[in-house]
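Listed after this line are the structures, all set down as structure tokens.
Two complexes are shown next, each including chain A; its partner changes from chain B in the first to chain C in the second.
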Partner chain A sequence: MESISNPLYFFSNLSLNPPSCSNVVRFIDVLEFFFVAHPLSGRKEGEEHKRIMYFHPKSENIERQSEITGFAEATVNFTDNFLSTSRRDVAENLNDNDDGFDFRAVSTQRTEHVYIRTEDNQFMLGVSISKQLSLVSNYPLFQPAIRSILSDAYKMFRMFFGTFSSFIKNGPDDIPKFKERLDFFFSKYIPLLKVHKMPLLDHLGGVEFLRMSGPLYLNVVSLITELREEFPIIEKIMFLYQDKLLYYQLSKRDLPSLFRYLTHNLLPTTLAPELEHSGRNASKGRYLRGPTDLTTDAPLFGDESLSVVHLHSEQDPEFREDLIGYQMMVYRCLNATVCMFVRNDGSNGEMGFRRSSDSSQSSSTRSTPPQNGVVSRRLLRNIDQFLETELAQVASKIGDEIGDEKLADNTDFHYIYFNPSSLSMTSSLSTSPSLSVSASGSTSSSKVSLPPVDVNRLVCDTMSNFVSDTEEFGECFVKSSSDWWIVIKKVNSRLLVLILPPSSYTSSLADVQSKTATIVKSHFEAIFFS
Partner chain B sequence: MLELGAQFIPFEPDRSAHDGNITRNFFDTSSQRICTMRNNGALGMTSKSLQNDKIMNVRTKDRGEPSTVKLSPDGRLCAMQRSPNTADIIFLEKTENSLCLELNVSTKSKEPLLAVEWVTNNQLLLVNNHSAELLFINEDKKSSKLIKATNVNAAWAIYYAPSQLLLIANGQSCSNLQPIIVAHSQFTRMKNFEVDFGGSISKENFLEKDAAIATIYGKVYVMVFRYSNRSATMLDLYELPFDATTVPQFKHSLILGFNGGCGIHVIDNLVIIHHQSSQKSLIFDIKVSSPSKSHSPLVTTTIEPHPQHQPPPSLYTNFWFTFLPDVVIDSAGGVMYSLRLKNEKSQLEIPEKHTMLEYLARRKNEKKLFIATLLSCLRARALSLRQIRKVFTRICGGEKELKSAENASENVQKAVMSCEKWNPMIVSQQEMQSAVLIPLREDTSLPESYVANIMLQYLRSLFDASLSPEAYLIEMVVETLAEAGEMSKLQQIVTYRVINDSKPLAFLLLSYEARCSTLFQSGVDILARNKASDEIVEVMLEKKQIVDAFRFIDVRNLNEGLIPKVVEAANQNCYRQTRYAIREHLVEKKAKASLYKSIGDDLYTDAEVQEANTEQATCTLFEL
Partner chain C sequence: MEVEVPGGSAEATDTGSEASFKVSQREIEDVEENLKNAEAIFEHLEQLPFQVFILSEFGKPIFVNNDRDEGEVVSLAALICAFVSRCQSWGDSLMSMTSQDNHIQFLHKSPLIFCVVSKYAEQLDQQLEVLFEQICSILSKSQLENVYKKKGDNYDLRKLLRGTDRLIDSSISSWRASPINLVDSSISAIPMNPSDREFFSTTMASCMGAAKLDGALFGIMIARRQIAAIVRFKKYVIHPRDLNILINLVSDTTLQTDSQNWVPICLPRFNDTGFFYAYISYPWCNKDQDIPACLVLLSVKRDHFDGLKEVRQQIVNKLENNAKFFTNFSQAVKTPNLYQISQIGSNSESLWSFLYLNHSSRQVCMSASKIPLITRTERWMARCEMRRSSALSTRHPHLRTLFVRGTKHCLFVWVTDLFSLYCIFGPFVTAAVSFQVVEKLLKSLKSHEQRYFIINTTSF
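So, the complex of A and B:
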């Protein structure tokens, strides 16, 4: 029943087993429950269970579900009383960044709960992690990371289907539909979700940029500028090479979710066909989604129509919650991926979604409009012609340069680098699942073993206790009981976490300081990290 | 787009008068001179050229009507063919008022001559059916000597003086061509090749008049008319290699689209075909990209006479003779004209702007016109960014194909042939800035983002050509991007270090902090890469990062002269506790430098000390 036009089509294709001895953990292995609730729907006595929109695990009986969601609601309402107005301002400020939602965390002996409220506090999402299970899985609990995982889940849903409120704005009759949609999404999302054993990575949630020389980068910029000039209908754009980002023109708020979807879900599924067809027309670009036959002018229906994503508008931060539906075109050629977004015109984003969902779920009885969205075969064809040779040229140039630099960087330490203003993040501890075949592999070539769970926990604790979120500068050296050293530097808002394994060269603080200076000099020389 | 007669020279037209006086004119393609013979030279021979004003006037014996008149490159000797088998050398300079001295030469076999050509000032080439012979003419002794001879099998022969190239046709239907280089008193045979001239029963043989040789964009081509009964005539271009081992290749085919008589010119690397009956001229540029080897005319136009000719001469007449490269001879009017291109009209004649600009970029000495046209096209937004980039790439001198073509003859080992080099137009960065980019930026009617994109395209062309952009250009790009509000683009460009680091750039970026906070980071990065530690300290103090400034100074072991400045900043901005920490830090370092002594004590006012004392007295110490 799953249509190819459905954005989640590719979720189902991923293998479920996590790589052995990896640095990720399956989320369901530590998860106790996850829910989406709409408190307003369960106001009447005896009908409390109606507030539950989605609950995982489904096997849980309805009383327990009501209990859990009820507890969450009560906690939120109760603690509301204690929030000073200044605290509330902070919460709203966080909202402005769109990264933080109003949240509550409850820690019990057995579990760690996090609740967030979204969309004018109408909806509540909650998650509970079992302390027992996380111990077994070697997953250090870090509350901010769980919060980020929860909000990421919400944002991912919102990106594909729009806001929660858009589903039920016509009244309670729409609730079954909403539930169906939530079930459709989260039943796939949650089992496939993997979280890092270094929770800081999930918390920071950046994107990985590809390093390359300036002149070559200008080729990418100019190609995209040319493309946008030729096709003004394209409003937003992203350019990736392999699984790394090179260039984007879209709101930073959407960047992590989109990037995650592309690199974790969409692109890995394309790798297999590419390997199969290698040799044959290797430099020919193609669309990853949408129609395969571009020679006709037949309107795009059902399977052939492009998926719609809901993105923030780039220009005016005033309408920060306004999501606009965009049709997504993904064009790929020689490891380079161009992701183009065209406003789904003629209807608002929600209607666009309805249509595509209808066509994907069940054949609608409504008279179908002539075509889903504004993207036509003609447009796809024209873009294909425009990009074909130039993109292949740029991509092969990039390939050459990346290939040149492919000397395994033998690091004897672990690191996390994050720049909040560009969202750029690199780490020796992150993984890009399934793309590792084609990825340059510079991240996995580290000689040192992964840090033990207590070091990971210590990093998180140090971050939350000794490094201020608001300060732009800071420095912190910590030695773990197992003789690992943790160095956290914050310079000009950028964060660098170094995790040094026990060694004879790092016996004293002075040693560690000089070692840090050496690492910064050799690996982060272009960046100001005094 | 074509103008007739900017240069011209009149001559006495052919006539056979009643009084028995005969006037005959000959055009020598090698020396580009027209020779007028009156009564076969007995009444005088005059030779004129468009290139110089020197008119030669001599008298020779009347020994019958010549069929060819050829002047040596220095104009001192003249070869004349008055009988089929021999040629006469006439020594022009030695006689003032009397008749010229003559010397009769022929080939060994005394067979009818096919070609008589001057190779150098004193070497004469004679070609007959079976051999090509090179004679040395001794001007003083008035004698000739055979230098070199080679056996050939020739149906006809043509000679291309610029490359000292002799082209001999032989074989069945004469379509096998044998190029021979006559240089250094040697004959060097190149690879022979077969041409397709559309032979048929009605047209059995390939004729001399259907072939021509010209240098186009630094390569020598043999041009061959190919007739067809079904379709229109084509002009095929065969490229001759520079060495003797490569076979000449069919490279281009020009679609003429008509049948019937026509004239051919090659001016400024353009092939121009004049069609008499339709009174049209077709201009072909083989560099205009074409999916196949066939080219359609770039421009179809009509020749216009130069306004100095009043009344205007009639054009495309039966009396017109055209000679390569650009000579038109009106045999009835008795005028020799040159034809020239009027490139300033190309804007009107070539509708597609990109093609037009590329066309202009390939013309000789049209840089001014090109730059002006480029600017007007950019102002009118007549080009897409991709086209702009291609034009920029061409004029940066970055196109590899051009570079290699330019040096083709030098690269080839054992090059035996030479020809005029073609140098593509190069526009320097200064010229681009002053004549294009700055005017664009100052044009308020254009959106800044458009101008910024143009500059980025230019920057890319420079990089592609491995040229390093000048600092001024980079500054302008950054400023224009900032004016356009393309902060995110600017930031990504700076992050990837598309533009070179420099301190002024760093400060420029720092000044944009208010509009894009990430540019601040980039600015500091650049300062750090430039080892501009003092400036970084200043920036940190500006941002009130006093403690970190101290840390930075410590880590880098910086000049201690900065300390007072930092202390001053600390006094202004820091809490008392922080200042205390700073003071302690300084005291600790005192052992190393006495400089701080005076500074550390200034940190507090008496009131503050008082306040601190009170605070300490009233605070409670919690001990668990």
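So, the complex of A and C:
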């Protein structure tokens, strides 16, 4: 089952125990249960348990599993009684366009449940967090963040396996296969999932961009343009340096999931071999996935074939739900990673080849027996030849530039910056997966201690109560009794959250205002005009 | 229906949002027949900011404040009951549900279950507690607990609560008028000259004391849902929640005649197993003066009616005999002289509204409304901001200062061990300026403290 062609091969056990001082908490440490249900399958009396497609923990007895999923379903129906007229219409039209999963939350003395419905409300995912455990783990419960974590889990599954409904479109006979897939995915995903002690980060769900100079950025853009011109079969592309994003050409809706998968799962696992071989051929690029031997023309089967991800089509209007399978090629050289996506669709693939400048390629695919997907060793070889020199040049330029820059982490405050239109997010409180730390050779140590859990909670609650989603501007100053100050600024929808530790310079509101102005000027001027 | 809310408009008396709101709740009943189709009903329900269900833990509906048909109410009640008992079977207890645009809060106080559906998430738990205490005030907690044991699970509690729906209704209506925890766990004093209040209290205390009625504990003068004067026997204290139950009771229009009432009432925060007997009279109601003030004398003895009637007459006589006081008093009650923001002095134009809560006495002072927070919607908006910030500071006891700059207004919240202050400023104010204004405001409140607060409760 666990072949190399399976993307989850790389959901390997990295560091399972984050140190106590870390920014993150293992999700299973606060998790009570997680489920996927298909209510339609459990309609018959006495067969309610059949709606359960996946349940964590597996040790839970089937009756309680039924009770929990039944409770969730009943909650949805009950709350529907109180939908206002205006919402009624909206709810009917509310496809799961990615920001708006229809959700319900239930709070009990001991737990916080969140349920979301997807795919025309056919499926339901639910999660319950223990209030006791989250207290112990210093994890502030913030319902919108749990909602995002839940929908992210769904999106990640969908990216690798397609929609839930695609599994059972042929009727109930397909359900065992569906359950197997869910089990396969979530049994790995959940134990590895880490959530931020600053839940706002999980809620915003942005990606981290690399700040770089204009000329260098142009270098990157022209490299990608050339690459796409040379290989028109490549439809979508992503360019990363270390664990930061430089450039992307794919739907914004897929970006966070892909980025998360690459930076949290795929890239870290490849780091170890890279370090081992650092002695020889350091600048030689290589594919992180797929066949190791590119010299033959043997068709790609089994372990050697590339994994497929399901992405939104860029051309389609944003609300289109159709997902298209793409084969993913990940090429890495000197900390730079190029991720290329080729449509995994027979007819389209053929057309792509015909347009391709390299005509011999199309003949080669035709002459060989059908293989998994349209990517052949030959294509990989050609791209490799193209990239190995070009990418190495660009990558070393980037390396030189960011090597000169001091790490911006040397600050005496904590911050979160988020731009919803580009999804760009940067924060002193985010996780840096082992990747960047060891790759850049320095631990990102901020001078200030992490904010206490009640400050984190206050940030979240202030955000959700006083910073309107719809307003483009706003400003908020909060002081807690422990003398931490929280500053939230929203300018042109761009969000900046500053968390200032107790200090003698920030005793009054006026002090904090001037301190904020200084910080914005020195650290955020380029991206945050105010 | 002349109920003025604390912090109501300074000039007009009948724009109190609560009064108008009450009307809108009643209207629904009146126009019920016109609501032929379900759509119209839904639209109507939408206007109710709070839909309340009270049921027994066996699933029998006891009270609803909306006009869903009986069948629907019964099935919703059964569902609510099922949710609550399922959580109970898990060794847990259900608190709330949230969907895209609704917040549903549950409270299980055996043998009753309370449920409220609202667009506003704040303080719903407190509100349900208030309702529970409201019902306790009618039946007492011990009686409530025993009734199902005696009469069986299927007993219809409505039989015992007959005629008290309007009290629950008006309690619910008052939620809308007030930033809830500020008002229901606190009270406000009607602004009066310190010397007048002093005279008032000592008069009441001396009359109560002279009567030597063993068991008569409190004397309270209520006007416009605010306290004019309060006296107590020795060191007995009355909780603001209990006072609000009394206020809710005497605001009931059916009582407001020039006759006197003798009402048994349980004040759950004082003692949830026994009853007080409240001698309620409106000494100057429906006479030439028409002063909307209500005198409540509380005793634990059932046979004190005649004695308290005597006390009441003495108090009224003494008050009326002091002509200077009486003119001032009727003026203060008829047209309450609320705190005007202009009192603060220069630079205060940027301050639009404030609410000050003294933590030790649980008394609030709310500014008279001024432009631009005049209409019902405008004031509702301001109250929502205050509710929200007060909810935030309840959830986060370590919150000290909050300054929010919005596009329409700014919010300034300051919480210390002694007080909480919620201010709405205009949108162009800077944090520094708002802080200056607030400091001036606090000084001004301090110097007029005795006018807006009852500093000492006189004992007898």
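Some notes on this structure:
Simple rule for what comes next: the second predicted complex is superposed on the first by the 477 of 530 C-alpha atoms of A that agree within 3 Å, B and C clash if a C-alpha of one lies under 4 Å from a C-alpha of the other, contacts with A are read in each partner's own complex, and residues count from 1 in each chain.
As a convention for this text, contacts are C-beta pairs under 8 Å (C-beta built on N, C-alpha and C of every residue); 3 or more make two chains touch, one makes a residue touch a chain.
Computed from a predicted structure; not experimentally measured.
Looking at the superposed arrangement, the partner reaching more residues of chain A, out of chain B and chain C, is C.
Once the two complexes are overlaid on the shared chain, A:Ser422 sits against chain B while remaining clear of chain C.
Judged by the touch definition given at the top, the superposed model places A:Arg494 against chain B, while chain C stays out of reach. When the two structures are aligned on the shared chain, A:Phe477 is found in touch with chain C, with no touch to chain B. Contact with chain C, but none with chain B, is seen for A:Ala74 once the two complexes are overlaid on the shared chain. In the superposed pair of complexes, A:Ala517 makes contact with chain B only, with no contact to chain C.
In the superposition on chain A, A:Gln249 makes contact with chain B only, not with chain C. In the superposed pair of complexes, A:Leu458 makes contact with chain C only, with no contact to chain B.
Touching of chain A by both chain B and chain C, each in its own complex, is seen for residues 473, 475. The touching residues of chain A, counted against chain C in their complex, run 67, 71, 74-75, 78-88, 91, 102-111, 143, 454, 457-458, 461-462, 465-466, 468, 471, 473-482, 508-510, 513.
The part of chain A that touches chain B in the complex is made up of residues 212-215, 217-219, 221-222, 225-226, 229-230, 247, 249, 390, 419, 421-422, 424, 472-473, 475, 491-494, 517, 525-528, 530. Across the complex, chain C meets chain A through its residues 39, 42-43, 45-46, 51, 76, 79-80, 82-83, 86-87, 90-102, 104, 117, 388-389, 391-392, 395-407, 411, 430-432, 435. Of all the residues in chain B, the ones that touch chain A in their complex are 384-386, 389, 453, 456-457, 459-460, 463-464, 488-489, 491-493, 495-499, 517-518, 520-521, 524-525, 527-529, 536, 543, 545, 547-548, 551-552, 555-556.
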